[in-house]
Amino acid sequence: MGEAPGTLAASWIVARKDLAIEFRTRTAFLSALVFALLGVTIFYFAWDATAVAAADLAPGVLWVIFTFAGLLGLQRSFGSELADRAIDGLLGAPISREAIYLGKALANLVFVSGILAVTIPAVVLFYNLPFGPGIGALAGIAALAAVGLVAVGTLFSAMAVNTRMAELLLPMLSLPFFVPIVMGAAQSSARLMAGRPIAEAWPWLRILVAFDIVFVTACTLAFPYTLDE
Amino acid sequence: MTSASEPLPTARPRRDPLLGVAIVAVALVYVRALAFTPIEVRQGAAQKILYIHATSAFIALYVAFALMAIASILYLWLKDEKLDRVAESAAEVGLAFTTVVLLTGPLWGKTIWGAWWTWDARLTATLFLWFIILAYLLLRGAVEERGRRARYSAVLGILASFLVPFIHLSVYLFRTLHPMPILLKPSAPSLPNEMLVTFLFSFAAFTLLFIALLRLRYRMATLRDYVADREQERA
Amino acid sequence: MTPDNTSFAYTAYTLAGIIYLAYVLSLKLRLRRLRERAIAFDASTRPRSDRPEGA
């Protein structure tokens, strides 16, 4: 074989491997999807629909569900590795540690995006959202939010999976970090879907973008320290 | 790993006078603040809560949390176990201070603002500081191998030091863009001398307390690691 | 009219005092337990003089 693949190429290889494993069984994806859809529905019954318009509720519901479905998806990311110490194989390969992180994060991103691709239309449907240009913007915001969630979540699931209480630890570590994401996503999407000018949503989008830049960088740099060697 | 040349931690029951001094100092601040500092006319006696609330807050955020973050960075760079013990000690003592801040704050807020809690930038950031330090300590509890525990904690500590300012800024933005009901903000144009002195005394006393607690906690960590090492050697 | 909220002040000071004191006590207790464990450990390994290297 020729020289070792560069970081981006290596990330793609890692991501493809992860996704191939994932989609062979599809169980995790379908479970997270069902969870998201059920959550969206249950939230509807938790409010007095006559007091609060469904369209006003929708952003809050969407981003809360996004958070918890995202956590479900993150759990599976390292669980499969731990099962047969497959990570040792990855570490032995001639790819950089950062590539492993980016690859896993990419796989998680595809996973979370898949869930969002179904959940967002569901929210539009169930909450009677106006079908305007705001919906397109929603997809963009969702992409930004997903990047932030996956950046932080991939790092923490790498740490949590090596502990005794992984399922509890991952949410506890990640949720404080999700707060700026949820804030930025919810506030900007609420404004855009209500048809307000983009200038009003812009400060919130800036928070989201800033978060993504800062934490993708920080987590990529920090990831090698979570490995045992 | 304690080397053979260092005195055994067990052979050291010497009392650290600093803790006693710190406790006495804090007690003196209590007496001075409650009995010998004038009551602020507009806020009433509850204003005195600030003497312990504000100083605890400052120490929790700018001393304890900062120390935890710096020790974490230095640990990842230098790999010295002592730094990890400093970080964990700063975190735990910081948690105690932050708890006091979060309990005394609402008691003051209720009298001044009429509300136990508001989601303004500073309160929210402090609340999340509390959550993050708790998560840090729970993470440490969940990882048994010492090197890994130190590395994981250091990563979380460093990321947390990015997050807290981020939350502060986000919530600040949240508040300024939302027209909020005007809350009564007590203005403090100039602090009368006696109050200023009380604040300074309080600051000195609580700093002493922090240092004393930090040292005690650090000593506990050293002893714990020593015992763990010996038990492992024997096993 | 100065509001009468001294009860708030006393509650706050008391709570703070309790928390700090409780933490001091918890530290001292944990330290003492560790010391006992360490001493017991050292005592149980000392009589073994057949070990070539020092403890």
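Should a chain be cited, it is by its letter among A, B and C, assigned in written order, with residues numbered from 1 in that chain.
One rule holds in what follows: a residue touches a chain if its C-beta (ideal position, glycine included) is under 8 Å from a C-beta of that chain, and two chains touch if they have at least 3 such contacts.
Since the model is a prediction, treat every value here as computed from it, not as a measurement.
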item	value
Dominant chain pairing [most C-beta pairs in contact]	B-C
Per Cα centroids, the chain farthest from chain A	C
CA centroid of chain A to CA centroid of chain C, Å	42
Intercentroid distance (Cα basis), chain B paired with chain A, Å	32
Between chain C and chain B, distance of the C-alpha-averaged centres to the nearest whole Å	17
Residues of chain B engaged with two or more neighbouring chains	none
Sites on chain A touched by chain B in the complex	152, 155, 159, 162-165, 169, 172-173, 176-177, 179-180, 183-184, 187, 203-204, 207, 210-211, 214-215, 218-219, 222, 225-226, 228
Chain A-facing residues of chain B, complex	76, 128, 131-132, 135, 138-139, 142-143, 147-148, 151-152, 154-156, 158-160, 162-163, 166-167, 169-171, 173-174, 177
Residues of chain B defined as touching chain C within the complex	4, 8-10, 13, 19, 23, 26, 30, 33-34, 39, 41-46, 48-49, 52-53, 56, 93, 96, 99-100, 103-104, 107-108, 110-111, 209, 213, 216-217, 219-220, 223-224, 226-227, 230-231, 234
Contact footprint of chain B on chain C as seen in their complex	2-6, 8-13, 15-17, 19-20, 23-24, 27-28, 30-31, 34-35, 37-39, 41-42, 45, 54
